[in-house]
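Next come two complexes built around chain A: one with chain B, the other with chain C.
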Partner chain A sequence: MLGLNLPVVIVLAAIGGVLAWRRANTLTWLLYTWVALWAFFKYGFAVPIPQSVVTIYLGITGLALVCFASSSRERLSETVQPIVRLILEPRYRLALAGLLVALPALAAYNVYADLNVPLEAPGFGREVHPPPPTEMTVHDETVDMATAENPYLHYKHDDPELYGEHLENGRRVYYENCFWCHGDGMGGDGMFAHGLNPVPSNFNDVGTLPILQSSFVHWRIAKGAPGLPGAGTPWDSMMPAWEKFLTTEEMWDVNLFIYDFNGYEPRALGQH
Partner chain B sequence: MTRNRILFGIGVLAFVSVIVTVRLGGFLVDNEYRQPDRQVAAQEELGEAELTPRQQGIADEQAADEAEARARPYEEAEYRTVPFVGSRVTVWVLAQLHLLFAAFVLAVPLFAFIIEFVGYVKKEERYNKLAYEFTKLLSVSFSMTATFGAFLTFALIILYPKFTNYLMHIFSPTFLPYVLLFFLEALFLYSYYYGWGKFGPKMHLFLGFMLNVVGTAIMFIANAWLTFMMSPGKRDDIDGDGVPDFVSAVSESGALLSLRDAFFNFTWMPINIHRIIANVAFGGSIAAAYAAFRYLQAKTDEERAHFDWMGYVGNFVAIIAFLPLPFAGYYLAAEIYAFSQTLGIQMMGGTFSWLFVLQAALIGNLFLGANYYLWLGMGRMEGGVHFQKFIKWLLIAIALCFAVWATPRYAISSVSEIAAMGGSSHPQLSYLGQMSAKNTAVNILILSTYMSFLLYRRTGRQSIHPYRQLLTRAQAIVFSSAAALVIFYGVYGYFVDSATRIRFAIPQVYSVLAALVVITVIDLPLYRNAAQSGETKWGRIPAVSQYALIFIALSFTWLMGLMGYVRSGLRQEWHVYGVILDTSPDAYTPNLGFATQVVSVTVLIFFGLIGVVFWLSSLSGKKDYAPGAAGEGGGRLEGGQAA
Partner chain C sequence: MTAHARRRVRRIATFAAAILLVALPVGAQVDLGTEEQRAAGKVVYDKYCGQCHGDTGDGNGYATPRVKPKPRDFTTGTYKFRTTPNGMLPTDDDLRRVIEIGAPYTSMPGWPNLTSAEIQNVIYYIKSFSPDFENPDRYGEPIEIPRPLESTEESIARGRVVYEEQGCAACHGEVGRGDGPSAPTLVNDKGDPIKVADLTQRWTYRGGATKEDIYRTFSTGLNGTPMPSYADSLEVEDRQHLVNYVYSLGDGDDPNYGTLITAVYSEEPIDLQNGETLDALFEAAPTTRFPLVGQITEPGRNFFPSVTSIEAQAVYNRDEIAFRVRWHDLRADTSGRNSPSLEVPMWDEDNGIGDDAGDDGGDSDDFFGDFGGEEAPAEDDFFGDSGDDFFGDGGDDFFGAADAGPPGAEFSDAVALQFPASLAPEETPELKPYFLYGDSQNPVDLWFVNLTYGVADTFRGRGSESIEPTEADIVEAVTSYDQGEWTVTYKRRRSSRAGVSFAEQQYTPLAFSVWDGFNRERGNKRALSSWFYVYTEPSVQPATAFPIVRAAIIVLVLELLVVFLVRRRARQKAAGEEAASTTLAATEAPAI
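Moving on to the complex of A and B:
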């Protein structure tokens, strides 16, 4: 359920319930909260959370708990008193000795565990969208990425018939060249998609076409994987540079078609 | 013992080696080849100087160098370099230090003026004294700002002469007004500071007002220079199709077409707004850090009480300005995105987006630190236990929002983690990496912080308003409704297209702002003349609270450095985006780790210098030196100025 590892969640909740029932003191609650959240982030999800995110979460948790414990004189005293008693009172000497052994042992185990991770190649941070260049040259024509728009888009209002022709041409180009990877319905699930990593772009996604200017899509079509920027590499993209196979008009037509097919408008310059 | 002897032996050996080397050198020079006496006599007759072969060699080399220098034609240098650190880092650090001091110098008069005005209206002398205490920090900081400004200007002229010349080509008409305003600022600042108590209150307030007007005008001019580098033009719907078009202020070659468009460029006003608010937040936090520094040094309860109050006011100013800051930042980012999708994608989805995870961590720390300070402040009031039970829930809300904001869309993962997730994003947590979640988190953080402030304000006070129950419930309803609306739009944002989702940020912001205004408007009469259940004991606050204030100031400074780098670094290889390319060896974009190191070192340098400012400012409160008053070296007299 919700991608959680339910047995872990239930055990942690049960321990919390027992602590509430036993009216545990502040220090116990603080220790429980940190350990329980560590266990939850580490083992509570069916798909494990990356260690980098676990570290961020536990850092925030630790900081918040320190703030809570010291946010008033009374609460600080409540938190510290059990520790003082443990150190000073003779009846806790055995427990203190155990703690003095356990803490270095825990630190040693942590070092041991950290040094015993299997060696593997480093992962790569993925960027959401590759940043386009400020301008590019397609078929000897310079395209200003900031201002370029699909030259046939205005036909939608000015000349619907001509717009339909360009759209039809875009449809032909798409189903001759693109649907193999991007799919019949443009969901990024074409017949070759399963063999590609990362998978081809899903044009149905609300977070892709509508937030991009048509010049961005034109750049991706024309330049493909070889035109991806140096920053954020490796992209591992299989997208061909279609300027080598299609005319400029065909590329703008297919650009028009994928927007029209999905019912999106390209983002305009100056639009938030 | 043996070790000492070895060390002593090495020392003696080193000393003897130096002596021997010097003597040997002298011996060789004294015994170098000289011409026979007869030849020397013949040369003297001819009026020629006696030169040994070594001297002759040196003279020949000098002559050759001189001849080469004379033959070399004059060339304009495009770039010069700085050894070890490079030109880019030199200018970067100097610009950042100049900006940090400038921000402080612009911010302090703003709230010193407001505090003085409050004191004038309320007829309370303590506000006047507090405003003066803040103003004492200005004098040295102003000199620091000017020094770093000059340093930066020289560095630009020396290291980037061609580009600096280009900026002069565009903005030369703005330089003279800038310098004149700077003169005026010095005039108003020093008359405001030294004229404290020397003028009538209205005249003094006028000086403070003019200081702020002039300071803000200076910043607006400087903002035009830097925003032009990012967005050299304005947005206007020139073809009347309802879609804004970009109107460049310069030609393709960079020649100026319109100074007006270059000045009032695309990102000028967003950055003006962002900087004014951020300056106040930053200035308040630095002033609070100064108070914390003095609090920790204080020897008497009276001093502790004074600096505790000063720290509280400084932090209050910082937090009040900090609450709308995310909105101003969002506006600036949205305008950058609207100006250029390349810059926008680079910033929010590309390489620079990783720095926003650090930004989230710093802002989360700021919120946590600000709330923590307020909770600790409840300890000043007797009868403050009542509201302690809410702290737990506020803390949970803040920690949750902090975690949401710090969750990256694509986590840094190892290969096995990526394989387990089936991609770079986690199936559940990636939802928290999207804008809907981030906007919701920051709005709830703002509401929670405001709630902490309300609880602090009520601690030890009991409303005597006849409709207190009704009004308190009304506040609770407004607060809950705003929170519910923010969460509703946050969740709904996942089910709509991105254009609609982006627009959801607006009702979220307005609902929070409206809630803050309405709750404040209700709270003012509700707690006017409230019954005090206990006395407020300024100075009775744990010392850790003062470290929290310093921590907040440090986080603000770091944040400014980091985000300043993002804004400036976004241009990448461009001096002026899309117009003038940076062709220097430093044109590359440094990796994120290096960038954060430069920012961190700059922050450390700034805090070293601000420590000097604090020390110098605290000197005026010390007792005067009086020779012979105590001991043989002199002593100190009572009666030093303690404003």
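Moving on to the complex of A and C:
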């Protein structure tokens, strides 16, 4: 859900709960906040956030925490107190020595680990749903993107039998053409999906079909990756331009089918 | 049905089942489920399975003409992956296993989202397609799978002997790459050509890749395929050694697909003609495996590519850069033609391994004459109707006819590396040419090797319709085929006048194409990859010890400074001096 790595989130929340219960002091809270956010950014998402972005987030977080700690004299002294005690009181001598060794070691390890991360191909962001053109030409017909709608959708109520025929045709088109990439169950996990970057869209996902108008989906089916503007990195995507293979009717039918299979409706016209 | 009636049906069913249980040998039982269970199974089946396995279970769904292996025909009662003896029906657990995890590298997906009850219901429904499931004689006791033996050297050596004695190599090849002498001729019991498993790529095993799975596979055989059962010819212990041997052939459980080749620097000259020094150079370079998939984005689609991955390495010296690629192919096709731009007629999209048009090219043209042959018809009608017929009936004849001549001789094996013709401008580092042979604004360069000739030809691609030979740069290549594996090594000068230059510490986009002539791959009908990268590692490796020590020392100094300051303040305070309020005002009592 939301692409979160739930176990991590739960563990972090649980630690927070324990701290609240033990009435931890300000310093502990600040440290916890920073470490918890680090763990959350690093391990909390199913699709990892790039390290450079995590560094920026953590830098901002650190700054915010320092501002918070020094926002009033009392708070500052409350925060610093435990540190001063650790440094001055003889009974903490061993702990202090340990810390003096541990922190440099941690820093050294961090640098070592950084130098040894396996190299990775540079990654670039892409816009998943870039704005479509205002109109397009498919098989010599002009489609006005603002007003076009799936011409067979209304049969769902007006003529269920005809609707069924269009669906069945859409099913045929899908399983003759699409499932290698988008998957048999439409989870974006077809038998070729592991070789594709970007990965094929997952039509089960609530963040895909239901938020799109059927004309948008028609545009993507007809024009494929080559029809995308630059922000959609059209050079990488394997999504074919189906107007090369399918009739207009077939494209609307498969459009109908992918919505129906997943129990979704296209977003209505004029809705944002 | 009323509750009462339902209860009665259930009682009768239980009674009937009880009678059957008594009549049958222990372990084997006819369990066809209830009417309701089968009806519930039909709902699942019609939504998720019928498009491949056919709405009537005959294996003739919409996807069938375009997948290999074909979806199982449930009306025959022939199943590959079973714990039961050769020729017998699978148990429900066998079927459940396939349905849950699928058959890797085929179009049969796993269905992890179906609930246990849904799977059981669909199993009941599938069984209703074949009368065999009503016949108690077709049920067999599942074999016992012993715990695997430890993989000692002796065990593997004994397994190798068994492998040779039993003739596995005839199909699977000497070192298991699926290149045995029989491999190109094999068909299943429906007459469809069948690909022998590549035992070195365990992740592609359709029936599972654990030692237990392997033991089961060759103990019970795969019904309906040439893969025999060795239950009668091999003692249990020898089978366990054989498992260890087969397992030892594998490169690991996981393909570990990567996204980048690291080109390592060497002082040595790169001499393609001297195999030994060349091998030594590449010894030092890391190997990355990249996934390949069928080109199904533009006409000339390849729905069942034979090659599913390629391994690549790179080395460079002061002036030159060399790439080495390796992939497995069941046979070297080195007599036909091939080129990146060879035309693929539309009808050939649904034609693949061993379905060799070969000499009867004329025939097949007639056959498709009505559809306009070479021209890509916009409507897909063609596949809906004739496609099926063609494979249903014609397919066999076709293949039979091909037996006459050496199949696949028409097209040769080939490989190409693809690079952008120029690097992306700094403002838009993400910009690349279209991965399919480039586009009109952003061309690509292809280093193409037709393995009939074994030399590299260079092409400039501005999209699939515009691929021209170029001679701006000289690319050299050497090729070899050994035990089912092609190795192609390329070399070019690092700097180029017309194409991309390989500077140090540069990420250069790179993509691969592989053509298997046996599978009639040519032109756009190929296996290809997305864009990946080659990174030219710095020729002088930066020292690593220094930054590590530096980080530690900086932190230590900061720590000591804090300790010193805090202590000094405390001392000052203790001495009763007036402390100025600094950032370390910590020990002051809060002002009230």
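A few notes on this one:
The rule we apply is simple: the second predicted complex is superposed on the first by the 154 of 272 C-alpha atoms of A that agree within 3 Å, B and C clash if a C-alpha of one lies under 4 Å from a C-alpha of the other, contacts with A are read in each partner's own complex, and residues count from 1 in each chain.
Simple rule for what comes next: a residue touches a chain if its C-beta (ideal position, glycine included) is under 8 Å from a C-beta of that chain, and two chains touch if they have at least 3 such contacts.
Just so it is clear, the structure is predicted and the values come from calculations on it, not from any experiment.
Contact with chain C, but none with chain B, is seen for A:236 once the two complexes are overlaid on the shared chain.
When both complexes are overlaid on chain A, the residue A:176 reaches chain C alone and has no touch with chain B.
By the document's definition of touching, neither partner reaches A:43: not chain B, not chain C.
In the superposition on chain A, A:212 makes contact with chain B only, while chain C stays out of contact range.
Of the two partner chains, chain C is the only one that A:103 touches; chain B does not reach it.
Look at A:67: by the touch rule set out above, it reaches chain B but stays clear of chain C.
Legend: residue contacts after superposition of the two complexes on their common chain; A:120 is shown touching both chain B and chain C.
Once chain A of one complex is fitted onto chain A of the other, the partner contacts of A:32 are absent, as it touches neither chain B nor chain C. By the document's definition of touching, of the two partners only chain C reaches A:185; chain B does not.
Overlap of the chain B and chain C contact sets on chain A: residues 73-74, 76, 120-122, 124-126.
Those residues of chain A that touch chain C in the shared complex are 73-74, 76-77, 80-81, 83-84, 87-88, 96, 99-100, 103-108, 110-112, 115, 119-122, 124-126, 139, 171-177, 179-181, 183-185, 187, 189-192, 194-197, 224-226, 230, 233-236, 238-240, 244-247, 250, 261.
Those residues of chain A that touch chain B in the shared complex are 2-3, 45, 47-53, 56-57, 60-61, 63-64, 67-68, 70-76, 118, 120-135, 145-147, 198, 206-207, 210-213, 215-216, 231-232, 264, 267-272.
On the side of chain C, the complex with chain A involves touching residues 47-48, 51-52, 61-63, 66, 105-107, 109, 111, 113, 257, 259-260, 262, 291-294, 296-299, 303, 376, 378-380, 383-384, 428-435, 439, 442, 507, 529-533, 535, 544, 547-556, 559-560, 562-563, 566-567, 570, 584-588, 590-591. Partner chain A is touched in their complex by these residues of chain B: 235, 243-246, 334-335, 337-342, 345-346, 348-351, 353-354, 361, 364-365, 368, 371-372, 375-376, 378-379, 384-385, 388, 391-392, 395, 398-399, 402-403, 406-418, 420-429, 434, 496-499, 501-502, 542, 544, 574, 577-578, 589.
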